[in-house]
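When the chains are written out, they are named A, B and C in that same order, and each has its own residue count from 1.
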Amino acid sequence: MKHVLSVKQFLDKDLLASLFSRADQFQAMPAAEYPKPLEHMTLATVFYEPSTRTRLSFETAIQNLGAHLVTVENAADNSSWKKGESIEDTAHMLNAYVEGIVMRHPEIGMPARAAAVSKVPVFNAGDGGGEHPTQALLDLYSIQRMKGKVDGLKIALVGDLAHSRTHHSLANILSIYDVELFLISPESLAMPEDVLANLTKQGVTFHILTSWDDVIGDLDVIYMNRVQKERFKLIEEYQALKGSFILTNEIANLMKKDAIILDPLPRIEEITVEVDSNPRAQYFQQAKNGLYLRMALLEYIYTS
Amino acid sequence: MKHVLSVKQFLDKDLLASLFSRADQFQAMPAAEYPKPLEHMTLATVFYEPSTRTRLSFETAIQNLGAHLVTVENAADNSSWKKGESIEDTAHMLNAYVEGIVMRHPEIGMPARAAAVSKVPVFNAGDGGGEHPTQALLDLYSIQRMKGKVDGLKIALVGDLAHSRTHHSLANILSIYDVELFLISPESLAMPEDVLANLTKQGVTFHILTSWDDVIGDLDVIYMNRVQKERFKLIEEYQALKGSFILTNEIANLMKKDAIILDPLPRIEEITVEVDSNPRAQYFQQAKNGLYLRMALLEYIYTS
Amino acid sequence: MKHVLSVKQFLDKDLLASLFSRADQFQAMPAAEYPKPLEHMTLATVFYEPSTRTRLSFETAIQNLGAHLVTVENAADNSSWKKGESIEDTAHMLNAYVEGIVMRHPEIGMPARAAAVSKVPVFNAGDGGGEHPTQALLDLYSIQRMKGKVDGLKIALVGDLAHSRTHHSLANILSIYDVELFLISPESLAMPEDVLANLTKQGVTFHILTSWDDVIGDLDVIYMNRVQKERFKLIEEYQALKGSFILTNEIANLMKKDAIILDPLPRIEEITVEVDSNPRAQYFQQAKNGLYLRMALLEYIYTS
C-alpha cells in the first residue's frame, strides 16, 4: 500500500487490528517518545475545501512523527487550480518538493487522480461525496477502543444516510465484521443501494428504519451525523429535513449504560449540548482518537 | 493562571515585573539558547479575523520555545464555524490535537467561551471590541523597558478612545501604577465611562482633553492609535474623524527629548512617515518587544 | 548581496556557477545531511498573490536548512495591507519577528520597497509584471544541469513574450552567455523593446519569429509559458491569443533527440499532456530543480 484513497484498501481485520493496536500505543506514549519515521521529510496538506478538523489532525500527526509541514489552507482560491492547472500537474509539482500529500477536494476522485501520477504517498482527506478513509478508520478505531471489540455489536447509523460520505464508508468497513446494523433515516434520505448491496453481499444483518424508538435501548453504538447543507441542491429540502433526528439527553438515557454515542463532528444540532456531559457521549474522544489513528497510519505507510 | 483572557488577570505589579524581566532576558539571549518549555507540544493559532502582526508574533514565540505549530489563517471562512459549529465545540475539537490555542475573534467573549470548556490554555489574541491582553502587556512592557519605570510618568492616550480596545486595556492596566493620564480625543470619541470609572476607583489622576496643545511638552509617553474603520457603522462618521489627531515631526519635536511615541500598529495616517526617524519614535521596537513578551508569557503559563 | 530582488544581481557567471554547483550537491545529498545555516531563525513567506509552487518550494527549502517558518498564504485579504498599512511598515513589522522575508506581490516594486527599509533579507518571489529572480535562476540552472552547459546553445522562448515576466528575466540572464535566442510569438505579443535592447547591447544573436516551423529541429532548449489571463485587460484579447502556440508530441518529436522542453508551470494548454512522457519533457524536473536552487541561494545569502 502506497496511497490511502479508500476504505476498500482496509477490508482486512489483521491490518486493522495492527493499526489500532499501534494507535493505542501512541495514546499511551509520552510525546517525547514518539518515533520519528518521517524525519527529514516534508509533507504537504492541500485543502481545496476547508476542514479544520481533518487538516489540523493530520498536521499534528505529521509533525509528531518528525516531518516538516507545508500547507495550502485554501487551495481552491490560492493555488494554480484556479488558473486551470490539472490535478495531475499539481501532483507532479508537489512531488518536486514533498514526500507526501494530504488532499481534500470537493470533487470525487481528485485525490485518486493525483495518486495515479504521484511517486509519493497521497492521502485522501475527503473527496466530496466520495470517500474519507481516515475518518472511517478513526470511527472504527473508536468503536474498537471504547467497546473493546467490534464483532457482536449492535450499531445504528442515524441521520442523512443518503448524502453522508461518513456513514457510507463506515457501513462499508463494518461489513467485514459480525455486526448488526440499524440504518435510521427519513425515507427520502435512506442509505444508497450500492451500500446496501455490499452489506447484503457481505452477509451483514441490517435493518432499515425511519425511527429509533423500537431499538434505542438495544444499541451498543449510535453514530450520528449532521445533515450537511452543502450536499443539498435546494435549500428548502435541507430546511425540511435537517432536524429529523435530534439526540437529546432524554433519548440518550434510554440507551444502555455502556452504549456510546459517536459523531464525526462538527455537531450542528443533531445532538443537543446537554448530551455532552452524558457518559455515553464519546464524540470528542473520537476526534482525539483520530490523531493517534493518523499517526499509526502515517507510520505504517512510510515504514512498511 | 491557565488561560490568558483579560488584562484583569495581570493587575499585579510583581507578576508584571517578573514577566518583563524575563522578556528582557529573552531579548538579550542568543536564539540558540532559548529554553524549550513547549517541546513535544503543538499549539494552534486560530484567527477568525486577520491579524498578521499578532499571529506571526505568537507563531514565532511558540516555535522559539520548542512547540510545533498548526494554524488557521482565515478561520472565518475555512473552519466549521461557517457550518454552524459552536465555539465550545471548536475548543473541544482543538483540545483533541493541541496543547494550546491562540484565538482571535471579531466577537467579544469568544475566547472566554472557548476557555470555559478547554483543558489546554486559551490565549485571547483579540476579541472584537473586547480585550487584547497581550497587546496591553507588550505596551506596558515597552513603557517599562524604554523609560526604565512606569510610576511617575505622564502618559497620553490619543485618538479614537471610544472604540480602541487597545487604549481601554492599556488604561486599565496602567491604573495600578502611579501615573498621570491624558485622554485626548474628539469629544464624540471620548473614553467610555467604565474605563473612566475604573481610573477613578484606582485613584489615577487623569485629564480629558480635546487637544494636545497644552500638554505635549510635558508628556513622557504618547500612545497613538489609528481610527479603526471597522469599528464604525457609518462610513461618513469614519471619514469625518479619521484625521483628528495626526502626529507630525513638528509636533513630535515639541515633546521632551526622552519622550517616546508608541502605536500598536498598523499605522495608517495617525503618525506621518517622517516621524519614523525621530529618536522618540519607538513603535517598531514596541512590536519587537511583543515577541519577547509573548515568549515570557507562554513560558510562564506552561511552567508555573 | 543581502536581498534578492532582481536577476540583474546575478549577471556574474562565476557566482551562477557556484550556486548551480551547490544546488547539484544538494540534489545528491541525503536530506539527513543538509546543513542547517538557518538554524534558530524564523523566515516568513508573505504572499499578496497566490503561488503555491513558489511558496511551497521556498517553504520546503527554508525548513530543510533549519529555520522555522511562519506564513501568510493570502496576504491580500488577511494582512494589514487591507487596512491601509504601507509595505514599508509591513517590512518594519516583519523585521520585529523574523530573519528573512519571502514576498510575492501583484504590484511591481513592492519587494524592493520592503527591502529598502528591511534589515533582514527580502526575497522577491514575483512582483506582478516585474521580476521573479529565483524563477530565472532555476530556469538557467535547469538548462545548465540538463544540457551540461549554457554557452553555445540554441534556445527558443515561445508564447506571450510581451507579458511573460519569466521570459523577460530569462532573456536578461541568458544575455551574459554565448547563446543564440529565438523569440517566437504572435506579433502582438512580441518581446518588449527594453529586453531586445539589452540583448543587442550584450551582443547576443537573436531572431524574432512568428512561427517555430523553420527552427524547431535546430533547438537545444524550448522554453514555453502559458498565456496568462491575469495580464490582459480585455478577455477577448486573451481568448484570441491563448492558443497561439501549442506544443504537441508531433511537434516535440521534430526536435533533436537531446533537446529539452521547459515551462515554468502551471501548464495550461501550451503543452499537451501527451508530451509529458516524451523524454524531452523536463518541466517537472525543472520544478524540482527550483527547490535545490533556492536552498543554494538561501545558504549563500545567509552565510556569505
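Here are some notes:
As a working rule, a contact is a pair of C-beta atoms (placed from the backbone, for glycine too) under 8 Å apart; a residue touches a chain by one contact, two chains touch by 3 or more.
Keep in mind that what you see is a predicted model, and the values were worked out from it rather than measured.
Of all residue numbers used at the contact between subunit B and subunit C, under half are used by both chains, marking a mostly different-residue interface.
Matching the C-alpha atoms of subunit A with those of subunit B calls for a turn of 120 degrees, to the nearest 5.
We define each chain's centre as the mean of its Cα atoms; on that basis subunit B and subunit C are separated by 40 Å. Residues of subunit B in contact with at least two other chains: 71, 73-74. Note for the complex: subunit C touches subunit A at residues 30-32, 34, 47, 50, 52-53, 55-57, 59-60, 63-64, 69, 71, 73-74, 226, 229-230, 265-269, 273, 276, 284-285, 287-288, 290-291. Residues 39-42, 44, 46, 68, 70-75, 77-80, 82-86, 88-90, 92-98 of subunit A touch subunit C in their complex.
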